[in-house]
Amino acid sequence: MQPSLGQRLIAYTIFFILGVLVLVPLAAGVITAFKPRIIWVSSPPTWIFSPTLENFEFVLIQRNNLLHLRNSLIIASGSVTIALILGVPAAYALARFRFRGSKGLLQWLISLRMIPPIVVALPFYILFQTFDLRNTHIGMMMAYLTFLIPLVIWMMRGYFAEIPSAMEECAMVEGYSRLGALRKVVLPVVLPGIIATALLNFMFAWNEYFLALILGGRDTSTLPAAAATYVGRAQVEWGNLFAINLIIMTPVIILTLILRRQLVKGLSLGAVD
Amino acid sequence: MALPIKTQPPSATRQSQFRIWFYHWSQKNIHWFFIAPALIAILVVAIYPIVYSTGLSFFRVSFDSRERPFVLFENFIWILNDKDYWGALGNTLLYVAVTVSGSFVVGFGLALLLRRISVGRNWIRLVLILPLTIAPIVVGLTWNWMFDPLFGLVNWFFIGIGVQPQTWLAQTGTARIVVMLVDIWQWYPLVFLIMDAGLSSLPKAPYESARLEGASDWMIFTRITLPLLRAVILVALLLRTVDAFRTFDLVRVMTDGGPAQTTETLSLYLYRTAFNFNKLSRAGAGATIMLIVISIISNFMFRFLYREQEGR
Amino acid sequence: MKNSKLMGRLLIILGVALMMSMSVVNVLAQDAIEPFAVTDPTTGARPFEGQELRILNTEVVPILAYEHEILDPAYEAASGVTLVYENYDQGALLPVLQTMCAAGGDDYDIMFVEDGWAGALEALGCLEPLTPYYLAAPGDAHPEDFPLRAFGTVAMHNNVWYGMPTLIAVGMFAYRTDLFNDPDEQAAFQAEYGRELTVPETWEELVEVGTFFTRPDEGLYGFNYRYGTPNNILFDYMIHFGFSRGVNFFDTDFNPLFATPEALDAAAFFTGQEFLNMQPPGRESFQFGEVLQNFTQGAVAMYGTESWAIPLLLDPEGSTVAANTGFAPIPGWRNPETGEIQRALLSAGPAYMINANISPERKRLAWDYLQLAHGQQFARLLADGAGAGHRTSVLSDPEFVERFPYFPGLLIAESGGIGRPSEPWWPEAENALGQGLQAAVAGTPVEEAMTEANNEVIQIVTDAGYYESGAQYVTVEQREQFVCQLFVEINVTHPECE
Amino acid sequence: MKVVLQDLVKKYPASDSIAVNHVDLTIADSELIVFLGPSGCGKTTTMRMIAGLETPDGGKIFIGERDVTYVAPKDRRVAMVFQNFSMYPSMTVYENIAFPLQALKRSKAEIDQLVREAAELVGVSALLKRGVRQVSGGEAQRVSLARAMVRRPEVFLMDEPLSSLDAKLRVQMRTEIKRLHQETRSTMVFVTHDQEEAMTLGDRIVVMSQGKVQQVGTPHEVFFDPYNLFVATFVGTPGMNLFDGVIQQSGDTLCVDLQGYMQPIPERFRATLNAKTPTPVKWGIRPEGIRFVDATDPNSLAGQIEIIESLGSRQLVFVRSGDKLFSVIVDSLHPVRQGENCHLHFDETRIHLFEAQNGRSLTQRG
């Protein structure tokens, strides 16, 4: 059935309004990133100006945020990879095997995601201190695992539950070990789910602020922590802030663009139990 | 059928007791092989910090003293007597309730609406999920800038339509609303994504038969769509609730709990207690109570979710 | 009765004396530190070559930016040491410091520590006393080159010298010269108020002038202050209204003084409608950044700030009104008896301090950098380049005074400043008081709001056990004595010490 | 290859209730044996233990002479067709069939030949290039058969492979499986809850309930000579008419009293009845064993026709007599009308008697 013209018109109007609400703040921020210092704020806002790259130059070269960009990339992708390596098998087991306490375990896992980061910060610091993990990427990845592993398990469990267990059992009868069956048969099927999980978790890891702030050292501080330094006691350096914002946003948006089909496919794979 | 199949030599009929035992054991506990790595990791990265901070809450630990006397429930009593804690708890519950339901209504509504159109769906989808990709701290700062009473775009929009600009983030009445709206702005895409995916995987048959039976759109929605999507809806709500409870970044950069602490969430309160007032173990006690409250709520949601799943 | 009171005082004096002597013993008990230098002028050897010096710092105020530009390359070239800065915004810096110190971490050698935080960090054993280092290698430090009060607040805590002041904040007042010098404005003001349009010297005058310039239709407002986060609001209230009316934080027995008639009077003015109405919308949430932005974008005629903002206000790339910005002493109260204008300007600010948890070798290296980075030489360079300064020798240098007419004002402010108490529980008390003021701004009767805040502070001090132990609040005068004592120990003379 | 199950026990994980309760069974070489029973009776679990997907908690499994109890599924040389899974979705039909061979590390040419042979055998040669979305449910099930066969397993295991297909296809596939069995002559274990499938396919049928084997026998045996009440009620559609009754001595003969009408009981039960009368029993007769007769027939029970259901060539008639309701199957041409009075005659040879207490059949067995 085809919705009536009026209905479609209303739908498009709503989407237009929402599009404006989404895009205007972003676009205004992006434009400000190219404004010279003197018109970062002005009343009324200035729209015509000769764009400058000085904010980017300042942020990337003078304040050496390339280092933070690198840190962000390493820590976010590393922690997501580890979370997947640890979480996917656990999710598989929770989806496949019914054993005593399996339900409780699942609930307990998702509750872990609710731990306020404040609770985690000091214990982690002491842990880092003890095992000499301060200022290492591995240490930061460990800290991020606190909130990544539960989400990975939670999402992936849904995907595995979707797949009939007969699929890998069949492969096992046909001459493969359980791991072989998982690799050859199950993995290709849950791949969109893994990609969706990885992408969402990457967003969370990439955008994390508090742990990065407290636990990040010189070689491990990430972009969001660096962005906050442009909101100083003295002044808010809007242009520099939006320049670094743009740098933070871009990779995630590009990733989402590339992987959006897998994201939607992956989410629908797991969402329907 | 002429090809000979290589057959393996028959294995020894007498297997050692140990091998039998081991086979049994490994088959029975195979799930632990999969779960153990994650569990061990969680033990280190989550349980240890929780135990540590809960442990702290029974001592008097602060950022201004090296002495750590055991005080049993002193911190808990203190925190339960602190009106700010209750205020923050109330704020958090309100915040969770409003932002979760808000982002759900918007996200689900848009997902439904997207079904009604055909042209430009992919582009609309892409634009709609943009806020999700942006760091909460960036979102907060961007909207701060938008709401600047003198230079912000919101202000200029209001001047444009002839309304006196408001100081949105400075008034107790509006600051709360604005922060929650921005939170919804940031997170509705997550619900949208999940619900969009859920809707796209719905079976067609029930709809066709319902339409043949002359059901109205509203009836189809309440009688077919909602029940079919229940599990998906609960997953979306659970995810949102879990994250809304620990909201920190966004509120911290937008209002830092002000004005008059109307936007101070539990996370911010704990942050203030620990880092501004140096009272680490009080914050630990507050966090412990918060964890208990959250587990009760999540337990409740879980029961609901599982009832749904088992009802199928 | 009398006897017991006497006994109590005796005990307190004994206690204070004991504490002092213990700290002296403490200093003496430390191993003597060998004289050292990062470069040996005779042999050219560089014993610290290849080391890294890790500095925990905050945001970019031009002073610090200047340090990066001028000082760091020179230091690195001379010593062979690599300087590694890590910047956090000021709000985020404290948790980083606290976490590190609570865990005994050695991530940073040099830390940016605000005077308000030092008490807590000291209690965690995280701050390294500087006296032995100064005695071993005095270098360019010249601690006597600061007004006593400023040095006592920013660099010392509990009678121990911990830091080199990186900048000292005092109240400053900026105004738009183009507006004040405009003949039309002058005439209009004359017509309305029957007196000349002058830069206000008292708060009453400021209200008049501010109200005159408040024209929302033109996007112009009279005056701007920050009422944002609780401690900021308290800060401003105390600096500009409280102290000048004779309000203090505590009496000697740590009884808070925020509900006394003078304090309520000052609070009523500060939170009154007259004063609020001449300020731009959003004032209730404004903090340093926003008020600065409002002024640099030409939205307010006058602006109260702190001295560190001066270079930003004069930067033509950062301020649309840079060429039209004038500075004046912050207004005060006219004493009805003497007719004098009473101003009281708070000295506060951060100092670079050495992390006590690093190795002795690194500590010596850190000291070497500190005394250079904030020594007299660099202070002159900084004043020259950024128009900022906080050393007596710089602020009173005739050559600089000519170029930067506001320098003497800064010096007066530093000399008369009253620092915050650096008790570990102070942030909590500050928060309670700030909340009281904010409640008053929001409409709660001033007396009610401040009395409640005052009671909360009493509770906080009680909880901390201060009343029970009979602890004494160190007055500004006492603090000056401590500084003089230190100077005796390290064999320097200060004109204010006799 | 013969399969021997020796005292197999399996407990449900996460609880201690028993899924498979001491099952002893010998499956002969080249036999097609069907496990029949309601869901949850342990038939699938038993099969999964043969496949190695479950480990028994007690007992042993032999395939041929080999003890495979603790052998991993991949090394058992069995093949299994699953109920709700047929094709690996990430592979084409060809890749699906080749999949088990790849595990054996065969050469490409060999694999190709075997795949084509297997595809030919089940009739999916034309589909080899297709993906899972491009084949129908029936075709996918054929693919899974081909995949099972391609490795020449020693034992074929089929777990309700037809239950997800529609009725017509199911009948067709049934025949196909029978044909495959005849061609390959391999041992086949087939699990179903559909007795028609069991009857038509099985050389022998194993009827299971509550984890226990109730009866093992040819379809004929199971139908005409149920060992106990469970088999009697489970097998046959509609089920056997069963009533409580008391055996009485009526002169020389044993009778069961039906509201005054004394139905004689065949002599063959006398030995097992211990000659002790009156004996409470369950007695039963299949609907096919009842005939309509004239009212004049003395060996008949009067009743009234309540409901008539047509089964095509035959019709199912429910007759009420007192408090008992009998189902009767008669030819469609037989004139019956609802509400009509009628007389029922019970074929003595088709009467079953079961012990009232434990439901065991009272038929004497050699």
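Lettered A, B, C and D in written order, each chain numbered from 1.
Basically, a residue touches a chain if its C-beta (ideal position, glycine included) is under 8 Å from a C-beta of that chain, and two chains touch if they have at least 3 such contacts.
Keep in mind it's a predicted model, so treat the numbers as computed, not measured.
Taking the mean of each chain's C-alpha atoms as its centre, the chain lying closest to the overall protein C-alpha centroid is B. Looking at A-B alongside A-D, one finds more C-beta pairs in contact between the chains of A-B.
The distance from the centre of chain A to the centre of chain B, each centre being the mean of the chain's C-alpha atoms, comes to 13 Å.
Here the spacing of chain A and chain D, counted between their Cα centres, is 54 Å. Rounded to whole angstrom units, the spacing between the C-alpha centres of chain A and chain C is 40.
Per-chain Cα centroids separate chain B from chain D by 51 Å.
The residues of chain C that reach two or more other chains are 91, 95, 102, 219, 290, 293, 297, 299, listed in rising order. Residues of chain A in contact with two or more other chains: 41-43, 97, 99, 102, 122, 126, 228, 231, 236. Among the residues of chain B, those in touch with two or more other chains are 148, 150-151, 271, 274, 280.
Applying the touch criterion to all chain pairs gives A-B, A-C, A-D, B-C, B-D. Those residues of chain A lying in contact with chain D across their complex are 97-100, 102, 164, 166-167, 169-177, 180, 184-185, 188-189. On the side of chain B, the complex with chain D involves touching residues 1, 3, 5-8, 10-11, 13, 15, 19-20, 23-24, 27-28.
Considering their complex, residues 30-35, 37-39, 41-42, 44-46, 48-50, 52-53, 110, 113-114, 116-117, 122, 124-138, 141-143, 145-146, 148, 150-151, 153, 156, 185, 193-194, 196-198, 200-201, 211, 231-232, 235-236, 238-239, 242-243, 245-246, 248-249, 253, 266-267, 270-271, 274, 280, 283-284, 287, 290-291, 294-295, 298-299, 302, 306, 309, 312 of chain B touch chain A. For chain C in complex with chain B, the touching residues are 91, 94-95, 98, 101-102, 119-121, 123-125, 219, 228-230, 280-286, 290, 293-294, 297, 299, 424-425, 427-428, 431, 435, 438-439, 442.
Considering their complex, residues 13-14, 48, 51-53, 72-74, 76, 78-80, 82-85, 88-90, 99-100, 103-104, 144, 147, 151, 157 of chain D touch chain A.
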